[in-house]
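The data blocks that follow each hold one structure.
Across the two complexes that follow, chain A remains constant while its partner is chain B and subsequently chain C.
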Partner chain A sequence: MVTNAASFGRSGVHDFILIRASAVILACYSIFLVGFIACSSPLTYDVWHSLFSTLPMKVFTLLALVALLVHAWIGVWQVLTDYVKCTSLRGVLQFIFVVTVFCYLAAGIVIVWGV
Partner chain B sequence: MKLTFAVYRYNPDVDTKPYMQDYNLEVAEGSDMMVLDALIKLKEQDPTLSFRRSCREGVCGSDGVNMNGKNGLACITPISTFKGKKLEIRPLPGMPVVRDLVVDLTQFYKQYEKIKPYLINDEKAPAREHLQSPEERAHLDGLYECIMCACCSTACPSFWWNPDKFIGPSGLLHAYRFLIDSRDTATEERLSELDDAYSVFRCHGIMNCVDVCPKGLNPTKAIGHIKSMLLKRAV
Partner chain C sequence: MELSEQNVKKQRPVHLDLQTIRFPATAIVSILHRVSGVIMLFAVGILIWLLNSSLASAESFAGVQSLFDHFIMKFIIWGILTALAFHLFGGLRHLVMDTGRWEELASGTVSAKAVFVLTVAFSIVAGIWVW
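Our next item is the complex of A and B:
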């Protein structure tokens, strides 16, 4: 067995499940948003504001942001372990990426719950 | 009819870097031959050209090479496949080159060794033999035929990037062959060894292995079965 500590999941199966579950959430969120934009004509500030004022939409958005973090963490870890062979450089890149994604998550929470 | 070839040449004792050498071969108009036959004729022209071959009929898996960008066995690939175009012959990609078309497959065999390619059975040995029903035996079809030519694993980007960690399509085809064998009792131990982020899950299902397998096998399908077994065990 090959061990690793930098990925998100505890094992290969865990990563496999997480990346697919997060993909389903992101797909649902994207389809919902595209559908909403397509069906809301005209799409005014008030319509957009009222959509994000509801609790279910806030929770759904937060869920999508967490799914994005998980999906991107595992995906970028896989890409970096394929292409960046220098361990220290890979560690630094992974660190920068994960911190950035956490910043996006934090900013997203503040923005969504501020509406 | 004149056939033209560009063959990868590299002798680490003499050459500072690899290069492509052009060869011409005169053959009777309308005739055909296997790429291996052409290589043997080229070696008559230039005895320094090196390549592996043994059975010359697609059974031993020695002469896996890359022909016009696609891996295959030279002995069962007709020259006519390339429709008169110049034929570029290179060693199997991603492996260290020993000389010309001969590659070092140590990493490939190490991965094969990891999957414990033999039956493990801790039950009391039967008086004569382990019997299988025709249905149980049928599970091994499409798996046991692998001749380990390495065409699939050396066509797989995941194996190129992580040959020390990812088992590769050939090794995983063999792994499934033992996982599904009704006579093997080490299924749990075998799955535990494979349950990490590299050994199996580096396969992203691009199916290069299926595209190049000279025996027409489907390693991607076998890998999918292993993933299902790991999932069922974990969930």
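Our next item is the complex of A and C:
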């Protein structure tokens, strides 16, 4: 059976759980980051730099980017399977989106590594 | 022909008057949840670029800050915050619905409208914040 070749998890149920688990991580990260920037206004370089120089923040950022990869992979799959009926085009688009989010992850690793 | 197939193909009233067809609030929330998700996929690229510049050095951090003087940058950030809020509120609604709540027509419509109200409220606050 190859009907779920483009899914991220092992099955639809697995994808269902993964997209929600990653959603919780992304919600926590985005609420924290927007809240931090809002509360530390005006934001200075020292405050910003020291936030990202701590190990927990680096881990949190990379965790969020891994969650983004999972979340976007499944989300893009859901959208593309509904609207793009041509299988080869859908495959190409899925590939482009997944590679893009992998690039985000790689960029994020390099960015927080150097802080 | 299967019985289920007969039921589908039998004569039924057809309503295709586009002037009077309205999506219910739940359907609009559903489609905008997808739209905002795809928007944010592109937005993260911008945010990663901003994160890189803001953390590289004090000079590049100041460069990012001066970017925010431009209207177009303020508009992009406001748009990202609005898309984020909509996707987040819609996502929280999904999580509540996973527990079996808000699944009836009335409660589903109310919660869908609540997503709109909360997003508009957050969007206004975000607009004041950015400008």
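The criterion applied here is as follows: the second predicted complex is superposed on the first by the 112 of 115 C-alpha atoms of A that agree within 3 Å, B and C clash if a C-alpha of one lies under 4 Å from a C-alpha of the other, contacts with A are read in each partner's own complex, and residues count from 1 in each chain.
In this section, contacts are C-beta pairs under 8 Å (C-beta built on N, C-alpha and C of every residue); 3 or more make two chains touch, one makes a residue touch a chain.
Small disclaimer: the values here were computed from a predicted structure and weren't measured.
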Could you say whether A:Ala72 touches chain B, chain C, both of them, or neither, answering first, second, both or neither?
second
Contacts of A:Tyr104 with chain B and chain C, given as first, second, both or neither:
second
Regarding the shared-chain residue A:Ala38, is it in contact with chain B (first), chain C (second), both, or neither?
second
Partner with the higher number of touched chain A residues, chain C or chain B
C
Could you look at A:Ser30 and tell me whether it touches chain B, chain C, both or neither (first, second, both, neither)?
second
Once the structures are superposed on A, label A:His49 by its partner contacts, choosing first (chain B), second (chain C), both or neither.
second
Chain C-contacting residues of chain A that also contact chain B:
78
Within their complex, state which residues of chain C touch chain A.
34, 37-38, 41, 44-45, 48, 51-52, 54-56, 58, 61-62, 81, 84, 88, 91-92, 94-95, 98, 129
As the complex stands, chain B meets chain A at residues 157-158, 161-162, 165, 192-202, 227, 230-231, 233-235
Please give the residue numbers of chain A that touch chain B in the complex, ascending.
1-4, 7, 9, 11-17, 78, 81-83
Complex interface listing, chain A residues touching chain C
20, 23-24, 27, 30-31, 34, 38, 45, 48-49, 52, 68, 72, 75-76, 78-79, 97, 100-101, 104, 107-108, 111-112, 114-115
